[in-house]
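Heads up, there are several structures right after this.
Two complexes come next, and they have one chain in common, subunit A, joined by subunit B in the first and subunit C in the second.
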Partner chain A sequence: MTMRTKPKFVGVLSCSGEEEPEGTIARNAVRLVMEKYRPGITVSLCLPLYLAGDSGEREFAKLAPVIAVDGCEKACAKLSTEKYSGKVSGAIDIRALLREWGVDDHLSRSRPGELEWELTERVAQEIVKKIDSLIQEGELATKPEKEEAN
Partner chain B sequence: MPERKVYVIPCSGIGKASASVGRQATYRVVEELLPEKADTMCLALLTLEDPGAQEKVRENWVVAIDGCAKDCARKNVEAAGKPPEIAHRVQDYMKKHKNLKPQAVLDIGEEGKKLVELISQELAEEIDVLLKGGERK
Partner chain C sequence: MGVEMDKLVVLPCNGLDKEAGALARELSLHLTRQGAKLVCPVLYQRSPARYKKDLAWGELLVIDGCKTGCASKLARERGLKIARRLNVAEMLDKMGIKGQKDPVPETGHLSALLSLLPDMLLLRKEEEEEERFEEILFSESVEMKEFMVGKFLFKVPVAGYYFNENDCWARVEGNLARLGVSDYVQQSAADMVFFDPPEIGAEIDQFGEAGSLESTKTALDIISPFSGKVKAVNHRLVENPELVNLDPYLQGWAVELELADFSSERELLMDCNEYYSYLREKVEREFREKYG
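== the complex of A and B ==
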């Protein structure tokens, strides 16, 4: 009989999004979650390693649940994960979120200012919610860490 | 037929400050130094084998800027149908300019910004040479 050990980490994978402001928000929000909001349990991977990397990198989503964070409806992170690695446990489409939040301001992809960082923080919180639900559903062998003050 | 462009495609590194430098150098080139001639695209579209993105690679000139020796941008461009005309690694510039060490992924710091400037100026010159049909450095 084999026992399934629960993963201790959650993979949060951002699309690359160099062309779009929402892509910059995606990358920065993932870094915020890794560095500030859920450090120690969040791991990430450079997305293009799926094609450029070795089989170890392609095994990524088989070893840990993955949350895909995409800048737009093209869903590159989600679809690449599903294509090369496995199902995602959660997905975020930032353009759809911005629509939902009524944001239609012009955003910069190269020089994020106050508004872009505020939105990045909000997206980071959406990622945190998804990580915490995975923990609550018993998908991870860990407990949510105490959140740092904003 | 639309005029050929130069697509500067940085890798999508999220864990290394060198990748952040590559991305910022890309933006400096395509938005400020050569806005009429150069553009960028989401590398992830190539990872996903998006036909539109692959066509852009095949029909235009491409510069790949990688954060590290894994060369994700160069390899994904090659997989789209042709090698990039110019390819660089930020880590090679860092070896040459040891005094310019980017600070962190989210904030590359003052030295990182100097490195961005150095790389983007060199890139813009190389792209100009490429567009004039001359030899690359």
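== the complex of A and C ==
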């Protein structure tokens, strides 16, 4: 008989965000979730390290639920996770979200301004929703810590 | 600046976990504003054809963030010719700046790196020339055999290396041998922080000490599989002991010996296949003892 204990952490894997402003939003949104909104239960996975074959990162992604946060429809984070560690527990495509929110402004990839940070906050909340639903569904052996006041 | 930015193709690590990764990204964005072309490491891994034209257009500059060197690994795996290489963590060390865990880059750190960038680009070019000469003798490609115990993956070369029971290796080319420690040692010892090399010209006995390493967890002697005279030591390892962690069988070499008695001494050592079986049994035993 195999006993499986529930993971205590959720992994969040952001796209590398090198070429597009949505990538910058992805990176920063993951950081916000990790440090501000769901600290203690969110672990960021480093995508370049993961792809370079790091066994620790890949094993973690096999054992714990992973939310992939992609800047665009190329879905590098999601597809890479599924290639090496199995299905993701949640996926976000920021470009699709921006379309849904009616955002068609020119965004900066290297110097985020007020608009970029506002969108980053909104994306962070989308990630939080996915984390919380994993908790509600009993996928994690933990409860979210109290949010920091904004 | 002395370096043609408009002929640089930049492959940064772009890591997310530490400040160094974020700084690698900032440096690459800075260079692109000056005309360099950019290769996204993740997209390149998934769709290499997309960057074929860019990579043929200019010289490749690899920017690693932390000392794991993911961007360098990626370039090597894909057989890319690296013209220049920068490592943000090393650059910060050189300036006496302590990198932070927080992945948000400090403005001061970025400015400091930018001020050092022109010199570093020129310096790295010269270092690469020297490295290329060494690589001709001890060629850079080694095929590995792997096994996994728990979540740990252990690598042993398929051929060309000799091992002793102290988990130290020798790679022999003609009458010269390079010495180092195995992947098992680097994983058990954790991050290497110090390498104390022997003196050039020193005579080392078989199973004698050929320098020592210190990690965040332990100190260990490098036990030489062969006897011989020290011809060279790896100066890069003195400056960057973490090369043992990054690449234990190639860049992490410690000492080069002129062999005294190869044919009789090799009888007391294990070849790659023998060491693979020996190590696997040892690691599995240790794992059972630890976890039941």
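Everything that follows uses one rule, which is that the second predicted complex is superposed on the first by the 149 of 150 C-alpha atoms of A that agree within 3 Å, B and C clash if a C-alpha of one lies under 4 Å from a C-alpha of the other, contacts with A are read in each partner's own complex, and residues count from 1 in each chain.
The criterion applied here is as follows: a residue touches a chain if its C-beta (ideal position, glycine included) is under 8 Å from a C-beta of that chain, and two chains touch if they have at least 3 such contacts.
Predicted model only: the values in this text are computed from it and were never measured.
State whether subunit B and subunit C clash or fit side by side on subunit A once the two structures are superposed.
Aligned through their shared chain, the two binders clash on subunit A.
So in the superposed three-chain picture, is A:Lys8 touching just subunit B, just subunit C, both, or none of them (first/second/both/neither)?
neither
Is A:Gly17 in contact with subunit B, with subunit C, with both, or with neither (first, second, both, neither)?
both
Scan A:Arg99 for contacts with subunit B and subunit C and give back first, second, both or neither.
neither
Does subunit B (first) or subunit C (second) touch A:Glu59, or do both, or does neither?
Once the two structures are laid over each other on A, A:Glu59 reaches subunit C alone.
Can you tell which stretch of subunit C bumps into subunit B once we superpose, 116-124, 170-178, 206-214 or 260-268?
Only one listed stretch clashes with subunit B, namely 116-124.
Touching subunit B in one complex and subunit C in the other: list those residues of subunit A.
Of subunit A, residues 14-19, 27, 30-31, 44, 46-49, 51-53, 74, 76-77, 79-80, 109-110 contact subunit B in one complex and subunit C in the other.
Name, in rising order, each residue of subunit C that touches subunit A in their complex.
Residues 12-17, 21-22, 25-26, 28-29, 33, 38-43, 45-47, 68, 70-71, 73-74, 103-104, 148, 151-153.
Along subunit A, where are the residues that touch subunit B in the complex?
Residue list for subunit A touching subunit B: 14-20, 23, 27-28, 30-32, 35, 44-53, 71, 74, 76-77, 79-80, 83, 109-111.
Name, in rising order, each residue of subunit B that touches subunit A in their complex.
9-15, 19, 23-24, 26-27, 31, 40-48, 50, 67, 70-73, 75-76, 79, 105-106
Where on subunit A does subunit C make contact in their complex?
Listed in rising order, the residues of subunit A that touch subunit C are 14-19, 27, 30-31, 44, 46-49, 51-56, 59, 74, 76-77, 79-80, 109-110.
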